[in-house]
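In what follows, chain A forms one complex with chain B and a second complex with chain C.
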Partner chain A sequence: MTRLFRRLPPWLALLLPAIVILLVVVLVPLLLSLYSSFTPYRLTRPETLYKWIGEYNYVKVATDANFWWAFGRTVFLLTVALNLEMLLGLGLALLVNKVTWGQRGLRTIMMFPMMFSPILVGFQFKFIFNDNVGLVNNALQSLGITDQAIAWLVDGKLAMFAIIFAEVWMSTSVFAILILAGLFAIPRDPLEAAKVDGCTPWQSFRHISLPFLMPFIYIAMAIRSLDVARAYDIVQIMTNGGPARRTELLWTLIGRTGYVDAKMGLANAMGYISIFLAIFFTVYFFRKLNASRAALGYNA
Partner chain B sequence: MDINQQHRFRKYGLKLAHFLALFIAMSIICLPGLWVVLNSFRPTVEIMAKPPVWIPEKLSLDHYRAMFGAVGEGGVPVVRYFMNSLVISITSTVIAILIGIAGGYAFARYRFRGKSAIFVGFMVTRAVPGVALSLPLFIVFAKVGIIDTHFGLILAYVAMNVPFSIWLIDGFFRQVPRELAEAAEIDGCTRWQAFWKVEFPVAKAGIASAAIFAFLTSWNEYALASQLTRSVFSKTMPVGLLDFTSEFTINWGGMCALAVLMIIPALILTFIVQKHLISGLTFGGIKG
Partner chain C sequence: MASVSLSKIVKRYGKIEVVHGIDLDIAHNEFVVLVGPSGCGKSTTLRMIAGLEELSSGDIHIGEQRVNDLPPRDRNISMVFQNYALYPHMTVAENLGFSLKIANRPEAEIDKAVAEAAEILSLGELLERRPAELSGGQRQRVAMGRAIVRHPDVFLFDEPLSNLDAKLRAQMRIEIKKLHQRIKTTIVYVTHDQVEAMTLADRIVIMRDGHIEQQGTPLQVFENPANTFVATFIGSPPMNLLPATISGDARHIQLEDGTPLPVPERLQSGVTAGQSVIFGFRADNLMPEGHGLTLGSQTASFDLLINLSEPLGTETVLFGEIAGREIQAKMLNPRPVSMGETLRCQLDMSRAHLFDANTQLSLG
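Right after this comes the complex of A and B.
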């Protein structure tokens, strides 16, 4: 055994533990779920695991309107949330960058939401948007803006808004922190040269600062896309996909189909589609990151 | 009004706008968390009061007392959950970081075929959503019989943290100049000694921050834990939060108290690493 280990090239010996654990805990279960997505597997009836039904589950998923609504809603949530987080994070980083006194403290406050467990964020905002004792309704009523309780988490559109708010609150700081690090790294000379040459602040931001920031923005996007599914916890807690499926996302739909309805085979078929969605986002942002790096002349 | 004065007004105006924008942004970031902390000290009557009580009349430790004494509604065994979370998070972090050091070193120091393919492969495993992974893991773990054990959850968290640890640690090893280790080897060190005596101490701070990042991920994880744990013996705190909810009501005060207990360790750890974390993420990404 040790002799075999010795004969491996050193890089493979070093990578072996990582490869083994990922094979055992991620790849093998995923292959199993790929197989079970071709069976009518139900948790309550184990023998169904050995019945092959071909692409039945996939056909069923593909023709299920609820699934496509959840799919569309997930893409919508990701697009809106990521873009909002990027813009707000950029704004926040620019604001903090201008501060000359107490910047370290502000930076620390900025990281505050990153320490919260997503499920905690879910409960926190469920509490804050609660129609009876929530902070938002209490404030609106005390200020006399509205005299009756707004049912934030009961109305479909408002619930989606509340979820996006929670998601943005939690993750804007990832963007802000990384973009701030990017702002520190911008060389001063080109900015001063631009000022001497009579560029407006907007022009020098658009054509000098922003290209320098792009790799940092894409790193943040790549990191975020790695854990986009964190939104599962928030949605699960705040609305559990309700009211009447108006905030149902892929992940809550999968969880419910698998564990509540016990239709594991069907849930795994949906799971595969959501895995490909996640991988698509990740690979897309990693490629963008490489491209923006190359544009700045770093060797990728 | 002469042009001088006009400029001065504009300058002060901009300064004021900047200050206001910053103030509003920071309030939005801080308020939700502070509200949770505040409510953990308020009696339930005051939380539920209509019209709302804005300035707390009296602060009490009732929720904390109920939580640690496991009395009151439901009797949530918080101490047990805390210990479970601690054991699982620490063990899985230690293992993930050891694997991460080996893997990160391999990526930073060796050239081999298919390097970037393997790297992307690792990253893709991280992109699998927890809930999608939890379905097959649940089946496998149930078959092997490690559902509702510390071991099962530790295994899952190690796998979850390895790819990201490798990414971070790879970046930190790259910051150590190759010449440093080469000089040590010329002076008669073995590669192993050169690693422990020269490269590891230089990258130590960075590795520590990767460890804290891994710890926080395990500490805060919910999607996997909620399916792979069943009883008091292995439930972690994020899952324990749900104990405060019942069919129609939620014990907000108790939940806030548990939330505070969850945040404190995370808060302390994040303060310690913030500097290294930023440099690790950006360096690994930019010059990768």
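Right after this comes the complex of A and C.
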């Protein structure tokens, strides 16, 4: 054994532990799942793992309307949630940036929603939006805005709204914190130059601050697009993809297919298609990030 | 037409007052330089003129208008910052034209103004570059170009050359002076470098600790410093200052070691017998025999023991001691000087100064 190691070039010997770990933890599961997506593998019937059915699963997924609806819904959630979070986060950061006393404390408080497990956030909003005992309906009825119990989580459109609401509540602070960091990093001189050059506060923000903030916004977008593209927990808890699949997202669908229906081969095929969504958005935002940095002369 | 007038302006940060009621009138098209050591309030004063700092009290007028409560954009001023403060995400052309674009001027007019500024500052080839691709000197020229594009009433310069190396600084100094000759405008220029102040200014305003110590043309403040601070701040090397006493007959200055020197004739009426004074003279007026300028009517001679010499080519600065205090002298048409050498030097008393030892004010 020792002799074997001695014969290896030193760089390989030194890298070997990392390589072994990566093989075991990443590559083998990856290959196994890729292989299983070409089999009718069901968790309840292990022997199906050895039956090769070619691209059957992929064809089935590609022609499955439910899958594409879930795909589209995920893109919709991603677009709406990210843009809302960006706008709210930007506003929040701008406000907090103006605070001179107690800003540290505020920043910490701002982070609170991120500290909860998404599962708990899901339960919390499931309660808040509950049609009988929920806070929202209670408030609406007490204020006399409506006398009916609104079925937030039962109506298809409202359920999606509730989920977006929970998602935004939990993660706006990611944008707020990163944008706030961006605000701190803006040099003072160009802003003063802009003032002297005749900018109104809005023009200063639009032409000077915002370009400086864009890299930070794109970093937040890249991080959050990965997050939302694999959204599962909140939806699973709040609606379980219902009512009648109206809030079914990619990963709730895949989870159900794999573990409830036990069709792991099919679920893996869906997974491999879905992964491109996450990759696409991440690559897209990274390109944007690099472009916005280059515009500021950082990479030049 | 824009004069600038500051009356009794005060700046306080909390309880700390940094500018103590400055009065200053700057004429139309005048080039005024505020100079002083760091922390003297010169930049704060400039930023109050710009509107980047609020006044704690006092009034600022630009032209006829009181501008205290106007934001910078309504004051029709331009400012050049120490760190250039260019917009990094815009090309040079966009940087130059930004203020006009903000003001919604037509594109043709912007292009014309940018081309004109680029011509004046020879930025033509750089117009499509970003600030990151420019050298320090080029950035400074863009910053100046951005200021002239708007044809402001007043130019404000905040230590614009202090980030440049010595050679470039000298070059840009000349460009700024040319610029002022070409586009006559009121300029307020802040620097801590007395050479910049001397070479550029129509009028120098010397500040210390939030007060104006003296103002006047460069030669006035050089020839007739109002106090010991101005005497040592303006001119290089700084004026030599020696504590002394006026003799009983009020005709002589006695240095600490008893050396008597005649009181300069023009100062004789200003001194009283027994008065404690500070005797001041510039290195330019103490020179070894045969290596000096034509002397005035009144001279004194010393043997100067040389501790150190700094050859500068056209002249050599000599370091020696008089009455136990280190002083500096100058040698024209220099020859090599060795340490420990004693040189017979002549002091031009007609150009010497006396300051009151208590008030530090000039007795001239």
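The criterion applied here is as follows: the second predicted complex is superposed on the first by the 273 of 300 C-alpha atoms of A that agree within 3 Å, B and C clash if a C-alpha of one lies under 4 Å from a C-alpha of the other, contacts with A are read in each partner's own complex, and residues count from 1 in each chain.
What we mean here is this: a contact is a pair of C-beta atoms (placed from the backbone, for glycine too) under 8 Å apart; a residue touches a chain by one contact, two chains touch by 3 or more.
All values reported here derive from a predicted model rather than from experimental measurement.
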item	value
Fit or clash - chain C, chain B, common chain A	fit
Which of chain B and chain C A:Arg256 touches, first, second, both or neither	neither
Which of chain B and chain C A:Gly198 touches, first, second, both or neither	second
Following superposition on chain A: angle at chain A, chain B versus chain C, Cα, nearest 10°	80
Residue contacts on chain A - larger count, chain B or chain C	B
First (chain B), second (chain C), both or neither touched by A:Asp189	second
Contacts of A:Ala295 with chain B and chain C, given as first, second, both or neither	second
First, second, both or neither for A:Ser274, with chain B first and chain C second	first
Chain B versus chain C as contact partner of A:His207, first or second or both or neither	second
Shortest span in Å between Cα atoms of chain B and of chain C, once chain A is used as the common reference	10
Shared chain A contacts, counted only where both chain B and chain C touch the same residue	298, 300
Of all residues in chain C, those that touch chain A in their complex	50-52, 71-73, 77-79, 81, 83-89, 98-99, 102-103, 130-133, 146, 150, 156
Complex contacts: residues of chain A adjacent to chain B	9-12, 14-15, 17-18, 21-22, 24-30, 32-33, 36, 91-92, 95-96, 98-99, 106-120, 123-125, 127-128, 132-133, 135, 138, 141-142, 169, 173, 177-178, 181-182, 185, 215-216, 219, 222-223, 225-229, 232-233, 251, 254-255, 258-259, 264, 267-268, 271-272, 274-275, 278-279, 281-283, 286, 289, 293, 298, 300
Contact set on chain A toward chain C in their complex	187, 189-190, 192-200, 203, 207-208, 211-212, 295-298, 300
Chain B residues within the chain A interface of the complex	18, 21-22, 25-26, 28-33, 35-36, 39, 47-48, 50-52, 54, 98-100, 102-103, 105-106, 110, 112, 118, 120, 122-137, 139-140, 155-156, 158-159, 162-164, 166, 216, 219-223, 227, 238, 241, 252, 255-256, 259, 262-263, 266-267, 270-271, 274, 278-279, 281-282, 285-288
